[in-house]
Amino acid sequence: MPTRQLVTLGEAMLRLSVRPGDRLEEALAFDVHVAGSEANVAYAAARVGLSAAWVSALPENALGRRVARTLAAGGVDTSLVRWEKAGRLGLYFVEMGAAPRPIDVLYDRAHSTMALAAAGAFDWAGLADTQFFHVSGITLALSDSSREVARRAMEEAKGSGASVTMDMNYRQRLWGREAAAEAVRDVAPLVDVLVATAEDARDLFGADGVEQLQAALGVETVVLTLGAAGAIASRGGTTVRRGGHAVETIDRVGAGDAFVAGLIWGLVDGSLELGLERGLAMSALKMTLHGDLFRLDAGDVAALLAKDHREVER
Amino acid sequence: MPTRQLVTLGEAMLRLSVRPGDRLEEALAFDVHVAGSEANVAYAAARVGLSAAWVSALPENALGRRVARTLAAGGVDTSLVRWEKAGRLGLYFVEMGAAPRPIDVLYDRAHSTMALAAAGAFDWAGLADTQFFHVSGITLALSDSSREVARRAMEEAKGSGASVTMDMNYRQRLWGREAAAEAVRDVAPLVDVLVATAEDARDLFGADGVEQLQAALGVETVVLTLGAAGAIASRGGTTVRRGGHAVETIDRVGAGDAFVAGLIWGLVDGSLELGLERGLAMSALKMTLHGDLFRLDAGDVAALLAKDHREVER
Amino acid sequence: MPTRQLVTLGEAMLRLSVRPGDRLEEALAFDVHVAGSEANVAYAAARVGLSAAWVSALPENALGRRVARTLAAGGVDTSLVRWEKAGRLGLYFVEMGAAPRPIDVLYDRAHSTMALAAAGAFDWAGLADTQFFHVSGITLALSDSSREVARRAMEEAKGSGASVTMDMNYRQRLWGREAAAEAVRDVAPLVDVLVATAEDARDLFGADGVEQLQAALGVETVVLTLGAAGAIASRGGTTVRRGGHAVETIDRVGAGDAFVAGLIWGLVDGSLELGLERGLAMSALKMTLHGDLFRLDAGDVAALLAKDHREVER
Amino acid sequence: MPTRQLVTLGEAMLRLSVRPGDRLEEALAFDVHVAGSEANVAYAAARVGLSAAWVSALPENALGRRVARTLAAGGVDTSLVRWEKAGRLGLYFVEMGAAPRPIDVLYDRAHSTMALAAAGAFDWAGLADTQFFHVSGITLALSDSSREVARRAMEEAKGSGASVTMDMNYRQRLWGREAAAEAVRDVAPLVDVLVATAEDARDLFGADGVEQLQAALGVETVVLTLGAAGAIASRGGTTVRRGGHAVETIDRVGAGDAFVAGLIWGLVDGSLELGLERGLAMSALKMTLHGDLFRLDAGDVAALLAKDHREVER
Amino acid sequence: MPTRQLVTLGEAMLRLSVRPGDRLEEALAFDVHVAGSEANVAYAAARVGLSAAWVSALPENALGRRVARTLAAGGVDTSLVRWEKAGRLGLYFVEMGAAPRPIDVLYDRAHSTMALAAAGAFDWAGLADTQFFHVSGITLALSDSSREVARRAMEEAKGSGASVTMDMNYRQRLWGREAAAEAVRDVAPLVDVLVATAEDARDLFGADGVEQLQAALGVETVVLTLGAAGAIASRGGTTVRRGGHAVETIDRVGAGDAFVAGLIWGLVDGSLELGLERGLAMSALKMTLHGDLFRLDAGDVAALLAKDHREVER
Amino acid sequence: MPTRQLVTLGEAMLRLSVRPGDRLEEALAFDVHVAGSEANVAYAAARVGLSAAWVSALPENALGRRVARTLAAGGVDTSLVRWEKAGRLGLYFVEMGAAPRPIDVLYDRAHSTMALAAAGAFDWAGLADTQFFHVSGITLALSDSSREVARRAMEEAKGSGASVTMDMNYRQRLWGREAAAEAVRDVAPLVDVLVATAEDARDLFGADGVEQLQAALGVETVVLTLGAAGAIASRGGTTVRRGGHAVETIDRVGAGDAFVAGLIWGLVDGSLELGLERGLAMSALKMTLHGDLFRLDAGDVAALLAKDHREVER
């Protein structure tokens, strides 16, 4: 039995954001959050009780330390992080919108320590001992070296017997649809469980449903998230579907990562159904919190799934 | 004619809370509010113009003074408050949730000055001269001595000719359903007007409606609150029902106490119907304000009842 | 071709407001915004790219300078502003409500520099060179001299070949319905485009629709705003209607002024239809921002009209 | 023995201020405090235990109510306040400086309800029953009617046997030195105790010390405040001097009013020496608090005078 | 060689405080910090690189978790903490003063989980393996059981070969001088290094200097802190003295604990002199941070000791 | 006579900072300010009334627009700014210290649009028409291309008859002392007025005073700033010295740039003495404001120089 239940690999950033009604161009202060798709997944997984580690490269400065301390405080094992003098901590600026104005994201993540890291720099032995390995399409998009790092990690993990999960996570501000689709196709043979939004499935692969995406990429298990409508999964010819929760949204950013953490939690317990349920619960709960991180615990997920709660607990 | 229109008795606390999206485990600051079911009722009643006093015991320190000053600033007569060296001011911590995450309440009210107070310590003559006396089930739950204080006060008030109102206000984090039901049954003969949520009526007494609860407890007037659906009252074989208001909720805590204040205000004016209407209006208005206290005035209630307002008054 | 596309005339104020859930009577701090109907129109117009100037009188102090700097930072030409030692900067206090409690406005704008200004004090030559001139009913209401200033400006502008637009903008806290109706009737012959809420059209002129208002006042183009339902315009026997946008409202104050700016933007481009569309888009977008000012740009309007956006742009 | 120990008369305002390092021209929020020289004196006196009332005129709106509630919450009797529809609540804007940049004050108090009030409007019987009556030079400066109100009140109070105290309180932004000097000379025969800064004594009356000012005005007791150096008093040929306290200044505005309250507190207890000591202690303590009001109690003053305290009390 | 360099034992609390210029009686929000003398020492020691553990008992709720997570995030080993259903988390309220007003502390720590804990409940084997064990006089003061826990821990640690350090830390709001002196005398034979303020040495033992305190208690090494003047130590007939640093104080609470951590750090490296220097540097640096915790690292201490820094590092 | 009195060239950034007592590693929000040595100089000069333009390259995004709007709102002519798709806006993170902890600066300005800009990309004709041209040593340090841009600009300006001023502004976090000294030597023949701190003069050129630096570099006018001690200038064999002002420091960053603006303002009026006086006054005043920008006006400088002010202006 592997020591760790989950290892994720990817870049973490500081998110600098303004509250709904304010503007990046004028706000006198920016809220600061630690974020990054795979870091979010590791954090959420650790919060609900999985043994989770996060692999990345961070700059040796106050911002890099902030990232590592924040994740560690949530229970994430950060011992596999490489500390470098080169590069910077990626940032992203977020203007929280309100309908009909969309949330606006401005990336400032070029030249980050993680984007500069070469596959040879990591100690891949650290991945030899995990049940699940997770990466997202963002890591493929950051830089050529980052894509190489991601591929190498997937190979190492798979070679050690881990299941590889991947969130397609297409970001139009990082690359084009065709490049993204090609990169996903390229690593698909290494992926055991692929997660994507229905929107990305359609935009990148013209897939109108979970079976079509599965057919297009040949991945064993494919999960599509459907926004408020829930999620649908296909594995071994069977389709599983679960509905979403009604949410009073505080901050939707990071909800997809919380879903992935819940999905993996279910898979660790051997149940795709449980994965969908936990993922949807965690996604909904994340949206009730500021920031990208799932700052709740297993008990909060259980309470929601038990649906046996009053509006006020006192 | 009694000098005072209302005397309430109960514990007040500081409420330390975090805004939706934040967590008690991490927030760098807690919002501070004065709260306590019967104190809230007295405050709301004073704000709309009733002469209202609040009986309690407070510790002689900055926090106790804060409670007394806040209530007095709203017009509550605090001259009947006992100031003690013993005990502490009760606190409660609130994490405002957002659907599907419930509001979470952490009580830290044990060993409070009020919970320690003995019936013998109060000057019951102060209750001789009021039209209404109000207490909630929370005061029955705090401690044995508190329950004794509440019972004694109800007896004194009733003996002096006051009408006794009681809000069942069951709190699962203070005691069990059976203990609560027994305590309510025990004081029911002293109660003229009983208010409860439909949920508590069912959970504690298996009563599916206002008549059932009335039958179970033998109280002359019983009022059930139905959440957004409004409220229903039964008295002398007659049932009165009024619908609720659509609310953009800012903070629902304390809405029930505002309802009670409005109900008593109507009863002071001799009308149960008016009581329901004012109670529902005050409950709705309270939800548009931060904190437990009804920080509005009679004019605001009148304006809502007149339904003659624009969205912006300018 | 005139140098400027738009000149507006009116009073600007500081708005001192508290957030939903807070009260003017207690809040420890007031948010500060620059506001004023015609200043808002000029600001919004400048932000989307029109060459816009604002005519007014301001006191020579820190508050007056704040107004001018804020508008200028948005691109408004403030060179026509008169700086005076006499008078004060008008203020208005806003308590943002939440249903069913209305937004409450307390004006403190008497004796303002603008209300004291006489028509003779302005250099009307500054208005000779504009495509559109805009004023609102508020300026008619401020004082006799202000009404005279407004009338004179409309005459000057019209005499120079500008189109005159007017927003009826009835304010019950400034004057009565009859006085307002009379004043509007008085200047109607000078108005080319009149904007009003359906509510004001009915309350002041008993007009149940856009044609009725047009008939009552004899203005060439009349536009009625219908709240969430959109807007309707009548010109030359033709009626144009456009629906509104679903909005998560942050702050509705100033939305009407943003509508007017969008309408004029469309008219500058020769299209009443475009004016309605842009006006409704700008009105909706304004409601997603704190404060009265439309702090967005033409690109944001275009994006909404293209309806081709995700909920998160990243 | 009079029922009240102190009645003060004067205007109260809202103070809107920005913290050191911020600017009125740019700050996104203004701190809100209730202020006004004589209101400050009444508040401080009530906080340390004197029975104190405040006479003034307030507008019937949220801002007027805020003033009255704030003072009443400190224990000030506000039953003598006149509520008017006319006029507005005076405001003043404060930019807290830092050496070498001075604190900057922008008054916006013209047309206030108090400045408009006529002497005939007050019920002077309310002043018949007080040990001390206090007014400041600011009330003389507000308007002709206000000056008449102040004079009339001094006459009524003196006629009823009260001692009249006056704080010269020269404000260059309200009137010139000569007008102020003349007004002070005019009422000097009605004054029993006059307080002034050494700076004002010199600037208005060319008086280089307390005896000179006493000689110039013929007042029985004269007290000069000397900033950090303390204060000096002259009465009946005797001079009393006390040194000031070393202060880490948070907000110096209102310190002079706290001094006056302490002085009167000493005089109530029959000791000018005690008056200086309490005044200097209260002045120093006020400077450690935000806002104009002395939000501390008699115990805090006693602790400082006992000089028997650690830096941290725990 | 022991695995751990330091184990501390004591209670942790939440500190709820208001900034200079604000009052506990009125502030709308309280800043929240984790605090507690021995927890502070462990935190500071871990931040500068010592392997440090903290022994205590915490309630199983959000506040208890907050304490543990905060300390763990600083590197403290919290695996020895006992989690209990009984008791509450102690709180203390702090009003940051400004000269001449002292900082005011209101304890609300009675009935805490730690004060209720019995010596038998702890697994003392956890203390067998440490170089230093530290406790403060506060733990002796909390309750009889807490005093017993402290004594037992000192015995266990000493029995395992650890050096026992103790900070006298007298708190007048917890007990009287005589009781404190007796308790310290009682455990003195178990103490290797005693730290006290010069003030406490004089107040509790009439000791005018470090030798006198050493003589009175018979402890091998005694260290007196002298406020801004630095610190003095006596051991084996030798006296060592080091001066303090000039400090722009932000928050002095917790400075004594930072001193102790620095002292132990020096002792771990075998040098009392280094201990004084590091202790004084860490004490000074702590005072430049909000809250009780030394949220800095070894590099910051080294930089100060090297005295080779500009005012701005850029 | 040139149209402009001053053109400056350099990079602007967003400064993200935390207040004294807080840490970059933990703060939940960062204050946001626009900054950059030469942008600061242009802003300060424009605020006091000089016609000033700023030359730079900015990225076409919300952050770039924020920089340009902020400077323009202060009166800076930004029409010479180049807008680019390439590169990013430089950032710098500041942890405001408190003695003995230094202010800590973390640069994140690599790969900025300005650092990437090539000399060929600018329209140098824009510099043909200015009385003074200013640049700082920071621009020499950013990149090879930036150094080339600076040199080219100095040549163009000098060729057009402008006086060239330069602030040595050594930044140890950008380059080493030797490289900086060499770069300064290299451009010294183009410089008419050189400003440096006494510390930099010593560290880079071993110059113990203003004459030594002048001798080392052969610049006509050399000004050394001496911190609180003021400044000293040497020109044509004459030495001028002025003392500094006592300052309650809020934020010292940017004070040197305010000094330069004041110096140039004096030089524009033909007086080096006036330049020192204005520079020292502006430097002192800047330190009383948050952020790098001199957000005050000529009147504030005049008031300080007149030394005719009370501590409170009211």
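Here the chain labels run A, B, C, D, E and F in written order, and each chain numbers its own residues starting at 1.
Just so it is clear, contacts are C-beta pairs under 8 Å (C-beta built on N, C-alpha and C of every residue); 3 or more make two chains touch, one makes a residue touch a chain.
Not measured: the values here are computed from a predicted model.
One inter-chain figure worth recording: chain E and chain F are separated by 45 Å, centre to centre, where each centre is the mean of the chain's CA atoms.
Taking each chain's centre as the average of its CA atoms, chain A and chain E sit 41 Å apart. Residues of chain B in contact with at least two other chains: 23, 25-26, 28, 69, 104. Taken pairwise by the contact criterion, the protein chains fit none of the simple patterns, being neither a path, a ring, a star nor fully connected. All chain pairs that touch, listed by label, are A-B, A-C, A-E, A-F, B-C, B-D, B-E, C-D, C-F, D-E, D-F, E-F. Within the complex formed with chain C, the chain D residues making contact are 16, 23-32, 61-63, 65-66, 69, 88-89, 91, 93, 95, 104, 106, 108, 110-111. Residues of chain E that touch chain A in their complex: 69, 72-73.
Those residues of chain D lying in contact with chain E across their complex are 245-251, 284-285, 287-290, 295-296, 300, 303-304, 309-314.
If you check the complex, the residues on chain E that touch chain D are 20-23, 25-26, 92, 97-105, 107, 171-173, 199, 252-253.
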